[in-house]
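A quick write-up on the structure given underneath.
By written order: A, B, C and D. Residues from 1 in each chain.
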Amino acid sequence: MSRFEGRTGPIRLGMVGGGQGAMIGSVHRVAARLDGHFQLVAGALSSTPEKAEASAREVGLPEDRTYTDFTEMAKREARLKDGIEAVSIVTPNHMHLPVAREFLKRGIHVICDKPLAGTLADAKKLAKAAEASDALFVLTHNYTGYPMVREARARVAAGELGAIRLVQVEYPQDWLGDVPAPDNKQADWRTDPARSGAGGATGDIGTHAYNLARFVTGLQLEALAADLQSFVPGRRLDDNAHVMLRFEGGARGMLWCSQVASGTENALRLRVFGDKAGIEWRHDEPERLRVTPMGGPVSIVTRGSAATGPDAGRVTRIPAGHPEGFFEAFANIYAEAAAAISAARTGAPVPAGVTFPTIADGVEGVAFVDACVRSSKRNAGWVTL
Amino acid sequence: MSRFEGRTGPIRLGMVGGGQGAMIGSVHRVAARLDGHFQLVAGALSSTPEKAEASAREVGLPEDRTYTDFTEMAKREARLKDGIEAVSIVTPNHMHLPVAREFLKRGIHVICDKPLAGTLADAKKLAKAAEASDALFVLTHNYTGYPMVREARARVAAGELGAIRLVQVEYPQDWLGDVPAPDNKQADWRTDPARSGAGGATGDIGTHAYNLARFVTGLQLEALAADLQSFVPGRRLDDNAHVMLRFEGGARGMLWCSQVASGTENALRLRVFGDKAGIEWRHDEPERLRVTPMGGPVSIVTRGSAATGPDAGRVTRIPAGHPEGFFEAFANIYAEAAAAISAARTGAPVPAGVTFPTIADGVEGVAFVDACVRSSKRNAGWVTL
Amino acid sequence: MSRFEGRTGPIRLGMVGGGQGAMIGSVHRVAARLDGHFQLVAGALSSTPEKAEASAREVGLPEDRTYTDFTEMAKREARLKDGIEAVSIVTPNHMHLPVAREFLKRGIHVICDKPLAGTLADAKKLAKAAEASDALFVLTHNYTGYPMVREARARVAAGELGAIRLVQVEYPQDWLGDVPAPDNKQADWRTDPARSGAGGATGDIGTHAYNLARFVTGLQLEALAADLQSFVPGRRLDDNAHVMLRFEGGARGMLWCSQVASGTENALRLRVFGDKAGIEWRHDEPERLRVTPMGGPVSIVTRGSAATGPDAGRVTRIPAGHPEGFFEAFANIYAEAAAAISAARTGAPVPAGVTFPTIADGVEGVAFVDACVRSSKRNAGWVTL
Amino acid sequence: MSRFEGRTGPIRLGMVGGGQGAMIGSVHRVAARLDGHFQLVAGALSSTPEKAEASAREVGLPEDRTYTDFTEMAKREARLKDGIEAVSIVTPNHMHLPVAREFLKRGIHVICDKPLAGTLADAKKLAKAAEASDALFVLTHNYTGYPMVREARARVAAGELGAIRLVQVEYPQDWLGDVPAPDNKQADWRTDPARSGAGGATGDIGTHAYNLARFVTGLQLEALAADLQSFVPGRRLDDNAHVMLRFEGGARGMLWCSQVASGTENALRLRVFGDKAGIEWRHDEPERLRVTPMGGPVSIVTRGSAATGPDAGRVTRIPAGHPEGFFEAFANIYAEAAAAISAARTGAPVPAGVTFPTIADGVEGVAFVDACVRSSKRNAGWVTL
């Protein structure tokens, strides 16, 4: 029986983290708002009182739902009649476990940014907490929300590519190519092992690349060999990683993630090749899926067009040719979460087609980082997750 | 003195049109919601009672703010203490005038879809109504909301292109390339002179192309020569137009809009060439602006990057490489409207930098359509607007 | 009975024009040499003796086949037992007629650069001379030599596009965007009415664009309306042209050519749209043909791949993915000419599939320029060719 | 003192291999012919007499210079007064050593296709033979002939990229994605260890990718870790390889080559990232070099434009915007060879700027293949070349 049986309408949402100067917090707020499924009503946006209050005012939270302590927030909201039904956790990685635990144990659904945790140990603890809770756990591997990524996955699943042989995935950026400015908050925690965890580039974007490959292909990884680097002087975490991949069933692949690849901007790109055909999806042209049959010709399938199937269709808002982008893809994760949360109100099963990354994906992502670090320490020897 | 002096927080918004099966209504709702500046509280989404009610329920409107008659809505909302401060008009073109007039005369701000009206006579009447009102009038020529369109405009204004010589603009689509299915509501009214007005492709997308060229270059059009066609059997309005343009100061150009260009999807594209450099912006790659100096090399300036200036920056939500798209650009028009409406509460001037298409742009757009039709009837002779 | 009956092996070739500092002459030489069908053995590369000799030495011509006077060359070569069988004419436009006439009347085949002549009167005289001669006349509208242009034409001819509605063709450059340096020989004659003829951009590149549209679609032009400009101060010929096109059968189009479009480089591009599908070919991606069916998806057909047909195949030298380019396309015209010249040795018909631009295409091209100039003088009124 | 002192004019060239049905032989012939530096006068195009004769006739060789035995050809041509000055070797890999040895020991210059040999032992023997000879040895790593590859190299050498951190290079194809047809000669020998050597994809295209990375960056490889696969059933050589690279000075990289990547066509692509900027060159857009500074904006430098430097300029034939391609790049290697061979006639030094791949590059390429195979056998452990 759900704590929230009987509730209707927009889902009351809280947020932990995401105060002034944060980036991903505002993304979550837009994503939650875009389709009207959620209403942000409470938040511990910062642990610093003045900043928490200023941030809350900025996003329009009432004073009595503004917190500085996430535990207090969890306790009080759980008691309120109109308390939050879900919480978005947008803190640095090391806080995901302690924050999520407080809400999960009170039956409040959790929507958590990735990676799941800074360490594999934390990730496993969080998985246990999620398992013990009735609440849902949604991980915002947002790239799985792009319609043409869904289309790619559907085509792989339908056998259009034949047996998969190759997976080439990369996620280059350049924003950490130099020593960051001291006031760059985003850079600050992401390059700090205490807050980011064991992985630098591997944790922040390698997990996205890995998750995307897994999501589209459905293949299990058997082993990886990783060569990690820290190019920028003084950097304590990897800022570049080269990884060779061996999947079950014989598929092989390569993964490259980098925070120092000059002139690149979140240039996530996935190519999958089977014995019949391949697909290519690029984040800088998210509305197109290239389908590459053996011998050609390449065709360019676009979101919203007749050539796209129902899996892409259900996360599509507008006809072809009007570019949807990052916020819409992110909002698709929130919309999927909303569908599952609404179903949970009555104990109904999650509606068919609803797809979102789960705690299991989160554990696997951190296991990927952990394996990369272990492999690299062993001179890029093969390790399993 | 503003009717809404003393109001704070989100702007209470009404909507006329945009019921079930409509496309642009839902775009306006997302755009209004995305940044949290507006709250949709009332609507006459359809003139058919059952449909109006069903549509209102779907978007979460309370029953007592659900109308079937826009005049009644205008009257009642104007009397309510928490009545709407602005209304979005998303009806077919021929209704823009009668609807807008009702709200304007009661001091309620109007956000109106384009083209401003189906005929130049209606457009001029609406302009008078807007002039006579204290309320603001915002026209959603949404392409002007794209950050890289703002960047293009800023570069032209700064003289980076030198004296402008050439303007090449096109807006091809293919969705009306065949006789539409009978239940295609979007196609139905857009190909009906009674509801769409004098222009088919020219009205629906030619006005966008023309507005974009005007917005970016700032040049006044002196004359045009237009060759209009109706390719699809039975079509009563133009579905393709070729237009030659003569701007003040000697710049020349071409405009092409089409609803029958097979394999194209809202492929709006603007190229401007000056005696020093040029720029190119394409709707299918909205995050990039190509800058093309005489002799090269071409550079690709991206939204959110260091090379973009403050005009693009103020309508940017997220760092480079996370694609923003159609909804964000549309929401930028709403955000600009919100800034102006908020200023109007106290009579403060519109904040610096706030830019949105106005009633004057709307009249000019309909005059463009009118000129195209007149020219085409005179065998593509030159006419002035 | 052919003058050259009994000849075998490579065709002995002469050249008029193309001395030091020329551009197109060296292109013709490479094109003639590339497949081994021709052997350059004689030339009047310049009318200045020292330059003629120096140029001849540079390209390896023997002294006794080096001329300064093309009439003398024609006379002597016609008498020699191993005299030239064909001549390439690569002079400025105004010389095409006097030079070609001398060779044609002696039965020597002519391969002539475009446009056919500087004036329509000259073009017609040349057509008469060609008609009166047994010799072949080949015009190097080289873009028709690109394999994927042949593919486009084959697909149109096969009905894959359905009934053609729209033709959009453009050829922008920027190399004449400023007043050229005084020693720029290429610019010098091309901007001089006495040598270039009635058209500037229209003659030099507009003819290419027009020819390409005609070649691919096979449609006859019924009328055009042209707005010509001379943007660069002091320029005596058009350096930009906007042209609206009306083809037989109802197809409509636009043509834009420019020598002042900053940042563009021979960016010839053709789009044709029918009621079933369209095609797009771009000179900067010459190995690909985009096929754009109504409603999508777009497919990218590449030279040498299984999806390309026999018309492209016969002018293809190497498997897909090894880019062929400008010289190969130009050499294809020479190879076609060689096939026709070889057939002429015995009076055999031109082999099936051999395709090259003829004197008729040349007259039509100059008529296009003439029509553009006439229309522009009449304020862009419609004129026929 | 050169064997060929006193010779002038075109270089008399012989060819071994390249008979009917061969692909690369005809490429060499076009490349040799394109600039007029060489004249093909002798050949042992096949070891089968009828085929040798038919092939020779097809390419216009005189009967008395048509051979079936390359040793006899070497002996006789060395004695002829007008004997060949250079020979092109275009046989399968295993024949490079025996053929080249015969010509080298008679002082005849060798232009040899890549890879240098099928095995590292053979490669070393050939290096000794070359060292012992006065003749030149030129290896046709033809991608180094592309002007924009030269431009990339010049920019790296000039320090524009700063210290190099990353090298990402790939060469995917799909032509061996299935079991080839029995009559596919190209596939037949390339998948046969006896003729191709130790490497399949690594030998045929991996060597190109590796050579390109080395040529542009100038970096020495310290170690590699390679995971090789044979995806197609029955294949005896690798048809796909994933390689991690460690260069001197700390740069790291990845190399991928594949003959089974569906929908790709010789899609060689190199990206190099330094601490200031990066570059990207792609074989399917060979006329452009993307320069990617840290933080952007990306600029697109084109062949023949003002932004390109002298190294690209000296291997450029035609102004910007007229696409040069594969044959021209290949011909550039031949032109460089011609410059060196001409210098050798008098013992003059090779002219400044002349650059071509040498026997040392060839040995290194085979060592790369050898290292890939060794590493893969050791489960992708690190090995040195």
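Everything that follows uses one rule, which is that a contact is a pair of C-beta atoms (placed from the backbone, for glycine too) under 8 Å apart; a residue touches a chain by one contact, two chains touch by 3 or more.
Source: prediction; values computed, not measured.
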Chains touching both subunit A and subunit C: B, D
Between the pairs B-D and A-D, the one where more C-beta pairs touch: A-D
Centroid distance [mean C-alpha coordinates] between subunit D and subunit C, Å: 34
Euclidean distance of C-alpha centroids - subunit B vs subunit D, Å: 56
Cα-centroid distance, subunit A relative to subunit D, in whole angstrom: 44
Overlap residues in subunit C, where contacts from two or more other chains coincide: 264-265, 295-296, 298, 302, 305, 320
Partner subunit D, residues of subunit A touching it in the complex: 161, 165-166, 168, 170, 174, 177-178, 225, 227, 229, 231, 240, 242, 244, 246, 250, 252-254, 256, 258, 260-265, 271, 273-278, 290-296, 298, 379-382
Residue ranges of subunit C in contact with subunit A within the complex: 295-302, 305-307, 320
Subunit D to subunit C touching residues, read off their complex: 9-10, 23, 26-27, 29-30, 33-36, 59-60, 173, 175, 264-267, 283-287, 302, 304-305, 317-328
